[in-house]
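Structures are listed in the sections that come next.
One chain, subunit A, appears in both complexes that follow, with subunit B as partner in the first and subunit C in the second.
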Partner chain A sequence: MKSLLSIRSIRVLAIILLALAVAYLLTIFSHLDVKTVSFFEGLTSAFDRTNDAFFLFLTSPFIRVFSGQIHFNMMSFSQWLNQTTPLILTGLAISLVFSAGVLNLGAEGQMFAGAVAGSFIAVFVSLPAFLHITLIILVSAFTGAFCSVLPAYASVKKRNSEILVSLMMNYLAFYLGIYFMKRFILDETSGAVMSVKFAPSSSFPLFSERYKLHLGFIFAMLLALIIWYLLKKTRWGLKIKMIGSNSNFAEYSGIHLKKQLITVQLLSGGIAGTAGIFELIGFHGRFLWSSSPGYGWDGIIVAIMASKNPLYVPLSAAFLAYIRVGAQNMGRYTDVSPDLVKIIQAIIIIFLTAEGLFASENFQNSIKKLRGNSHG
Partner chain B sequence: MVNLIDILSNPSFYATIIRVSTPLLLASMGALIASLAGTPNVALEGIMLFSAFSGTIVSALSQSLFMGLLGGLASALLLSIILCVFSLKYKANIILTAIAINILSSGLTAFLLSAVSGQKGNTSSFQSAVFPQIHFVFLEKLPFLSEILNNQNALTYSAYASVFVVFLLIRKTPFGTHLKAVGENPEAAVSVGLSVNKIKAMALIISGLLAGLGGMFLSMGYISWFTRDMTGGRGWIALAAQALGGKSVIGVTLSALLFSTGESLSYSLQMANIPNELVQSIPFVMTIVVLLVYLKVSDHRERL
Partner chain C sequence: MSLPDEPILVLNGVTKIYPNQVIANDDIYLNIQGGHVHVLVGENGAGKTTLMNILFGLIKPTSGEIIFKGRKALFKSTFESIQAGIGMIHQHFKLVPSLTVLENCFLGIEPKSFIFSNHREMKNILNTFLHKFDIKLPLEKKIEDCSTATKQLIEIIKTLIRGADLIIMDEPTSLLAPQERDKLFNIIRKLKQNGKTIIFITHKLDEALSMGDEITIIRQGKVLNTFHNHNNNLKEFDLIQMLFKGNSKNIKVEKRDMDEDVVLSFQGVTLKGKTVTSLSDVSFNLHKGEILGIAGLADSGQQEIIDIIMGYENQYSGIFRLNGKIITHHTLQRARALQVSYIPSDKLSIGSDGNLSLWHNLISTQLDSKWVANIFRLKKSKIRRYTQELMQSFSIKASSPSMKVENLSGGNIQKTILARELSVKSKIILADNPTSGVDSESALFIRQQLLNQKNKGKAVLLFSHDLEELKLLSDRIIVLYQGKINGKFHNNDALNDYRLGESMMEAKAGNCS
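Up next is the complex of A and B:
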């Protein structure tokens, strides 16, 4: 466990605490009522309300306080695990491309397109359950990889040109996805924009029927292990890391740059393509997104928090899903908006990516000293 | 089926193009300046959104359009400075910082929206000031053109003025020369004594202020309230317009107008039976095709 306590992870924890502190202060500020008689009274009540909200925010995925007694919150716990699944998958996808030094930010579109394509298979195809689900996942992955082709092509032509192409692909995938969904599998009888129900054989196995806790995260964890093995233990992974740290050097040492860049982006697209489909076949049983759910963007923060290491991706995805579910509960039972999570996310990205910040020699030395003291 | 000729012969179609081009032109001029300095400003979307929000709130609280304008610009300045400090001083990846700023802006505006107004979707309970429409008497004599060009919003005219200002800035001022020097060859710029980071920071700040004006058009141009995520991808389209138009002011202006035509057309075509999603995806298809053709033709050897 030595690596978990590395300077880097202490830095991550410090920044997470900073982000939570900012969110806390912001909530107090938003609760300050200027109309109260005394400033002190207003401040106390703002503190109380903020503390109540933050208690829900930070504990509700585990526990539920009901008439003075503490219960295990199975409902939110299931939601937590379910929400972790797509975040692990997009986190892995982004970790892969970031490892190769490519800024392919198309995971959102790949995820969306994959989910739409998978939904088509879920509606129109009838197969024994195991085959049907396998086919759905494969088609989603293939579609995601397909969406990655153009940015990958751009990236081998000119450094950083994949950024804009992948961003445009996100919009294209969204609009075309919605179009195909509305055109071919729309549920005309429902007032809302959603697809018809999926074929029963498509429904993903559940841990718990009542809470709809699906097995998606097992798949995601397994994939995290596989990608970790690929990146850290194989020659291919070594090549990708070399390309990521110095593509010129990698080229001179005989690595086929074009081929590897395209391979890694197609693999990443394939993984991102499967990120959304589990929620649909495991939880909803139909396609019902009218806006893009944002898991692809979340993959960026997951990958950054995990410092591109597939082994830490599930951990950082679980953290993000945890504050998500907590914030949803907070939004439901208090007047604090769940958008607080976005602010926390943004602060974490801003500070974590700032390599020159909290990472100076001085800071690292003082941390080393601290660790030395605590061990000695 | 709505007849295309009916659409094209109606002056209101063109007036709509001019109107919807306002935020896009301002933001894509911002994208151009940042891109000339070699620092793509991916935070345009978030800056527009934040200015749209703070412009509305400040002008509603102060009951003054001018204060609202200042508030909107100040928030654009603030976000641009955050972008500069983290990416230029603390060496963060500028794309990732910009994406974080977009997330921050979306989250913070939604959070403050419900904290300030108690509403979840919009600030319609606040009555913000609105930028005035301007009527030019001399245009009245031109029958068709007057309907298109006259009575547009003050910010619309400012957007077109900004095109000229940016053109002059790039072509005629030392700053414009420095900008291009820094963007094209930073090492050479350093060797002649230019401060690369300072010029990049200036470019990002000007870029942010232009985007901020564009954002305020959305919430204070024709309507007087802010809705969640009301920029709806305009910051990204501005980046696309810049990519399409290359490094020339005229090119970027034309491609911004092209995207505006697409948007105006999508409003007209919504009445026809053409699915909205297909019309809305046109600008993105166009950008992707142009970018890829450009990459194919110019055959960069940079990476290889």
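Up next is the complex of A and C:
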């Protein structure tokens, strides 16, 4: 709990509040109607409408107000947890390579390729449910890892930039994936571009049949714990930490840089590879992406918000999913566009990466003082 | 343009103390005569570059004043210093690779016609300068296709175009081949004839003597002396004595009979650098239970020897043996596995990691040993105990094992490195200037530790710029000069500074290239 109150996490909270405040002001501004009514009236009505929209935006993943009564919003809640799952996984994948001081911009492609490969297993293989699902997840992970072989090898052995190579791999993974899907498992009876239905044994256990809340969330949380343990408590994690902190010193100390850098990039690719498959086997029951869903890019946001700590990754993924589900509901029931959430995301990232912001001694001292008071 | 024999630049008590309390310049007084070549000599890290960066407006001094052309000058930016007539040639050139020579010369000050730069006028201006100093340049060639020497010429021309009267050259010969160096010297002489003042930074004494009208020796941030060299009356030896005067305290040295076991040997090792041969035909043996000192001016091949032993460098010819075995395909991991310990001279970026805590730094070379971790987890309590033991036995002053190393003092950081390298099983210890930049108490401790290791039968290869230290600790001393072994001495009473100094200079007849 103490670490949750660290200066860094308070800084993140402050920036999130700031971003929400900016979004709030923007919404008021966009609702300001001064042509037909007086300025004061326009302002009050803008306030009212913005407040309504933001109430929905910030509470709807939990509660629903229906004819004056407050209900638990199970539908949105399930949606929230389901959307959190892929974000945790890609967030973990990115955090992992960040810890070693390298970047992986290929998480999107790894996720996509993993999902396609997993879909093949889900369509063509028939096994007892538990084995089938395990096999699907493993194949997805291996495919994701396979996609990161080239960037890892090129960066370590040929001194290529892993950023560029992994970025370019996204195109390869996406178009090859789409090709294989259309060539072999396309559902030609359906009007849209989607695969045939998965074998029933692939269906991921659901908490609830009606709301389709799947167990991917639990898997992602467990994985976060495992990665945290690996990084913080094991010899391997210590090596990764040393490489990320100062690779000259790590090399001088006798750590095999190339081997560790390749390992960490493959592991990251493997985790990213599993990010998409849960949604397909747990929710849709078929492969239906005709464009890449973007979880790989979201992973970068999640990792930055979590300051690459695997324990904070679920928190920051949950936050991102929360405001997205909230924004969808807001878009559905009010006239505020759900794209507002993109503005919030952008502001958060820009402010978070501005290391000078909220970094002054005054700010940090006042936080220390606050903490001192609350303890005393 | 100022008259000769009148100081164009005066430094009065310039001091620079960095936030981490490192004193780079300590109360420096300096007069630079107009129209002279003034050479600053000093070892790496003596504070020459910091001083010049202060002069050029890149670094703010802690105190002191600068008087340039009779006026008080404290430049806040390089823009101001260039305006005032100072030009600086950095060790690493500041040119745009994709632009042509002509475009680079006028970057930022292009003569304009309408909004386009006027190439014809640029050429005219440049040609008058080139003619005046008798320099040839390929004007339309791109910088990326130019040789190092040409790039340097362009940097010089750049300062001239911007009207510099005082040109600072920071180790200009370090990247040049010998012939190119002579060309540069000719150009410097031309500049001098035209009334320009040159500050020439180097650590090569022969260059200092052949170019300098005045030679100032800087050591550990202080000006030791300024020599006048009007009639070439200076001898290299005068400089060497100044440069290497150490202030060692006495340690009792136990002279042991030499063990015959050779643990490391070089046989005719040659390493070709980019422009010059950095090691040529180096042969020596290192025995068990001895300290072999390696002396020489900076960049005489010390780093190359270390790189070969530690596996950073593999492109050499000749035979390198460790524990009797010929080594090919050497890597750092193998060097560590063959029990070579290494105390690098770069304490902060190679020898330690300031962001990590003390215990990280103390066990970093032992991560694969069983006591540090099993397959599941690190053995934190054992690591903690180990760290505390080392803190005690090497008297490292830190509040706890998890204190960040960047918060330790310089002496304690060096003791941390020493503790790590000496507490692992090792047969060979490479120590590269282990006491430079360390307070005298820690230096004494470090020297004692090295002697203890020798008495335990380990082989120590000691690289040092401090002759006193070498004489104090070593059983034998090898002197390097331009990548060659220029002298081997047994450390007995017959050895004196003069004999060592002699072999650190231009080689004896018939022995030089």
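Rule of thumb we're sticking to: the second predicted complex is superposed on the first by the 366 of 376 C-alpha atoms of A that agree within 3 Å, B and C clash if a C-alpha of one lies under 4 Å from a C-alpha of the other, contacts with A are read in each partner's own complex, and residues count from 1 in each chain.
Everything that follows uses one rule, which is that a contact is a pair of C-beta atoms (placed from the backbone, for glycine too) under 8 Å apart; a residue touches a chain by one contact, two chains touch by 3 or more.
Just so it is clear, the structure is predicted and the values come from calculations on it, not from any experiment.
Visitor: Identify the partner contact of A:Met242: answer first if only subunit B is touched, second if only subunit C is, both if each is, neither if none is.
Guide: Once the two structures are laid over each other on A, A:Met242 reaches subunit C alone.
Visitor: Residues of subunit A touched by subunit B versus by subunit C: which partner has the larger set?
Guide: Between subunit B and subunit C, the winner on subunit A residue contacts is B.
Visitor: So in the superposed three-chain picture, is A:Glu251 touching just subunit B, just subunit C, both, or none of them (first/second/both/neither)?
Guide: Both partners, subunit B and subunit C.
Visitor: Mind working out whether A:Thr234 is in touch with subunit B, subunit C, both or neither, as first, second, both or neither?
Guide: second
Visitor: Shared contact residues on subunit A for subunit B and subunit C?
Guide: 251
Visitor: Quick one: in the complex, what on subunit A touches subunit C?
Guide: 233-235, 238-239, 241-242, 245-246, 248-256
Visitor: Name, in rising order, each residue of subunit A that touches subunit B in their complex.
Guide: Per the stated touch rule, the residues are 26, 30, 103, 105, 150, 153-161, 163-165, 167-169, 171-172, 175-176, 178-179, 182-183, 247, 251, 257-258, 297, 300, 304, 335, 337, 339-343, 345-347, 349-350, 353-357.
Visitor: If you look only at subunit B, which of its residues touch subunit A in the complex?
Guide: Touch list, subunit B to subunit A: 40, 42, 82, 86, 89-93, 95-97, 99-101, 103-104, 106-108, 110-115, 118, 120, 233, 236, 239-240, 243, 275, 277-278, 280-281, 284-285, 287-288, 291-292, 295-296, 299-300, 302-304.
Visitor: Please output the residues of subunit C touching subunit A within their complex, sorted ascending.
Guide: 332-333, 335-337, 342, 344, 349-353, 355-356, 360, 364-365, 367-368, 372-373, 375-378
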